[in-house]
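Some structures are shown below for you to check.
Look at the two complexes coming up: chain A is in both, with chain B in one and chain C in the other.
Moving on to the complex of A and B:
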């Protein structure tokens, strides 16, 4: 703590801030090179994992950054998936320029409506109210889809046509993988910009002490509704990619199991760091892939124990093994005069 | 006319009546002390003024507007600022970020997203930290401060936005004598542009910095007046002796 004393260090966050960019670069390198070494069927599996990373980012924003416990992320993920599946089936449109924006829009509007209802009361809503409200939403949507013939009932909507870019048909494989990676990187950078801005500082205040910051003039409920809506849009983006990648949508995509899964990804990897959401998703999915091959019957138990161990002994997630608390929270001050961010 | 005018404030918690018709009137640039025995309702009255509690009945007006029903954010935007009895700096954030967080509370959403005020506010943040003798620790997390320093940080945060009225609930709790003296010194200069309502047990401290006092007892105002008037009031002596 003492090295941050005199004037150079005043505005510039002190040394020891190198870990995060290094982790980010390493993860990016691994993801970028993966298809070169993976067999084709594994690249397909890895594409699904990238899309789930995107989904995990959406939950990380609301819970890890803003402290809103949402069990309803699957609602936006699944609605967007169903939405684009219907567009493809009934309107025969699968152009990437239409379906991806449509998926984003569905997630955005869905989250705006639910968030408006759950978060915009006169008094701040309790964590319990919000988590139960979002969970109920996901549960209800799942049941609704199961019972609705137009949506294919229990079976969902099968054999969605491939997404296309102009005349090019985008089927699963390396091209889809790199598309998903490009989108993931773009969304990641957007989130990174946001959480390091002064808005990110407001989110940190929200998460740490929501009552207190209201007395600084923050419109706490508005901030929450905005970040919730944004995260819904990202979940919608992920859901629409997922629908085209898998080629079908089914009610589980909307339900509580899917929501819980994304909660686990983020808690495991490290809530409140963007890279933690990505690492958590990749590690959980990789481990469950491997376990389900090698230990067919008992793998869910092994995975469950693993998750429990991490959450018990590393409440800040896997990334906290290499990332200090200070760097995880970060600092928001003006980049320093002289010595800057990350010069050590 | 008074900057802050609270009248007929009743606040009940279930069967318990914490405030029973309390009143508080503070003029512009006045330092007003709120004293009374433990449990007499000082903190509750501060919270009713600040918007942390809604009075059961009664009115609060501030700068000419009725704010009885206003949200905390609306009060802050009207120029009210506070520090509660329980210190609530944000421990995980640096001192710098704590003050910046307080300063940017009224910025627009777009301004926040694009960090428009970060550069402009930098000097203010550092100025505030310097004033409260914390500049050298700008990059430490607030959790690393002593209790007394956390109180200073919180006063710095409350003052950062240049409020018209500052509410301080026991700002010197847990401070050493020397820290108390410094706190008094640090508060003096704000008088130029700001009124103060302060709850304090240390009567010497209160006497040194306040213009007027209000004494609460069992949820009602026992008396209110200049420091000299209160000091010579036999009822006040009695209350303090009775509880001592």
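Moving on to the complex of A and C:
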């Protein structure tokens, strides 16, 4: 492994060192220019994809960086969606200054409670326990939402009013697209800063060898709980945007279906790189849009097969086709050599 | 008094269903150390085979007999092609089997659509004891579960094949050095676990009817039961299944079914949190 020999690896001159920023810039450019060439109804679809990218980032943080298998990420996505939908319906408030922070807060608190319960405590939790616990959480929330009349039961909450900024009504279209893009870029930069800080280094260590990180004196469980909570907040942000963009919320948003979706995006694109989550979401959603007319029935099966092939033969995902392993893992710190740390 | 007996019978029969589902999951998890996220879909597949047999005009019972063999054979093939790559990395195994489950689930969904298909019970009618009437089919499920459980126990604990399975679990290197083909043992064990799930699916489909998401519910229930009972032994998962099955069947009598369903999971997860080793903490048989 290259990270075991940082000085050697850093000294090696590599033409592909800068691949990651190039990919990021390219993706940003494509996303920024997309509405100019897409028809209106496609821009609406693309907005949804951007929001799902945000959701995928939240899963990538917990699984790709901290190695916490969360099969219940949709719990935070969906409960934030339901939360803001209720605020809009019952309190008649749809100001962006209220509902977005509310969504973030719901995700944050939800993840803090569930993560605190599953991850903290006297016994360190096994991966299987955490994945099962999160999956159960999502399943239980789905069941409750379906059976609870106040939340609209099977049908969810339809026709949520539009989000507004001051007096401006934000309906789907290019404006919403650029708002979503701006939020996505901001969150992406925040995550990028985070995973390349010392905290992120500790997280990556956690994923690679948890025991060793514990021996170094880190409070492993606390690190996990912190990143889990943070990712819950991001999922909440995505969920509240999604609710207002679609105009309705329904139980699937909370349940195992949605969790599976986000696992697919991230594993397909490449867990452990932030851009991988974005690429995975965009590629899967784009292809599924193409195929959904003619091959609607077999598309989910193809997705499953693709996922299996990726897990078996390309565990690092699509991104690893163009990104070297060294750059994927990332280099950290400042060794103080000339040009030693171009990508960090 | 009559109601009490009927309630007890309901609880017993549902507990038997959960035991049946969990047995295969528990055997794979305990004997091979991987958590098979496709197990719920093996249950679904067993149900589907029964449906296919019914549709082409065969008696339902024939489908039920065929189901474990069909699903077991598929499990054997999947183990050979896919699952065996994952033994070194349990987490990847989880994801890989999850993907397998997804493929099976979506294929079945593509074949039957979003429908709920009901399948008749091969043995209908009711069992009458004095003034009490029990569903005959549920009674048959209880009996078959007891037989399967006893059979599995005897196979693992009393036969030389079972001994070899346990040897491969305890110490694979030493088992190989002693001339046991651990590769083959793993394939057969996995196929056996899959076959049990297929049988479970075939037997319960008249009770629950066939729909594409049949497996998810049983997957979560099964995993929770295995972990409550404790991984690594034969008795653990069975005990866990008994507890979860009893609670799942008993609580709806005193509260709304949705709340009961959720409450069982919450209680179970809380229990596992504070006693990660489960009810039965030992290893082996």
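FYI, the second predicted complex is superposed on the first by the 318 of 344 C-alpha atoms of A that agree within 3 Å, B and C clash if a C-alpha of one lies under 4 Å from a C-alpha of the other, contacts with A are read in each partner's own complex, and residues count from 1 in each chain.
Rule of thumb we're sticking to: a residue touches a chain if its C-beta (ideal position, glycine included) is under 8 Å from a C-beta of that chain, and two chains touch if they have at least 3 such contacts.
Please read these numbers as outputs of a predicted model, since none were measured by experiment.
Q: Touch test for A:209: chain B only (first), chain C only (second), both, or neither?
A: First partner only.
Q: Pick one for A:75: touches chain B only (first), chain C only (second), both, or neither.
A: It touches nothing on chain B or chain C.
Q: Of the partners chain B and chain C, which touch A:143 in the superposed model: first, second, both, neither?
A: In the superposed model, A:143 contacts chain C only, not chain B.
Q: For A:220, is the partner it touches chain B (first), chain C (second), both, or none of the two (neither)?
A: first
Q: Take the contacts of chain A with chain B and those with chain C, and give the residues found in both.
A: Looking at chain A, the two contact sets are disjoint.
Q: Which residues of chain C touch chain A in their complex?
A: 35, 82, 85, 90-92, 94-96, 98-100, 102-103, 106-107, 109-110, 216-217, 220, 223-224, 227, 256, 258-259, 261-262, 265-266, 269, 272-274, 276
Q: Considering only the defined contacts, which chain A positions touch chain B in the complex?
A: Touch residues, chain A against chain B: 1, 4-6, 9-14, 122, 194, 197-199, 201-202, 204-205, 208-209, 211-220, 222, 226, 325-326, 329, 331-334.
Q: Write out the stretch or stretches of chain A touching chain C in their complex.
A: 67, 69, 117-118, 121, 123, 125-129, 131-133, 135-136, 139-140, 143-144, 146-148, 256, 260, 263, 267, 297-298, 300-301, 303-305, 307-308, 311-312, 315
Q: Quick one: which bits of chain B touch chain A in the complex? Just the residue numbers, please.
A: 50-52, 71-73, 75-77, 81-82, 88, 90-94, 96-97, 100-102, 104-107, 109, 111-119, 122, 125-126, 135-141, 144, 157, 161
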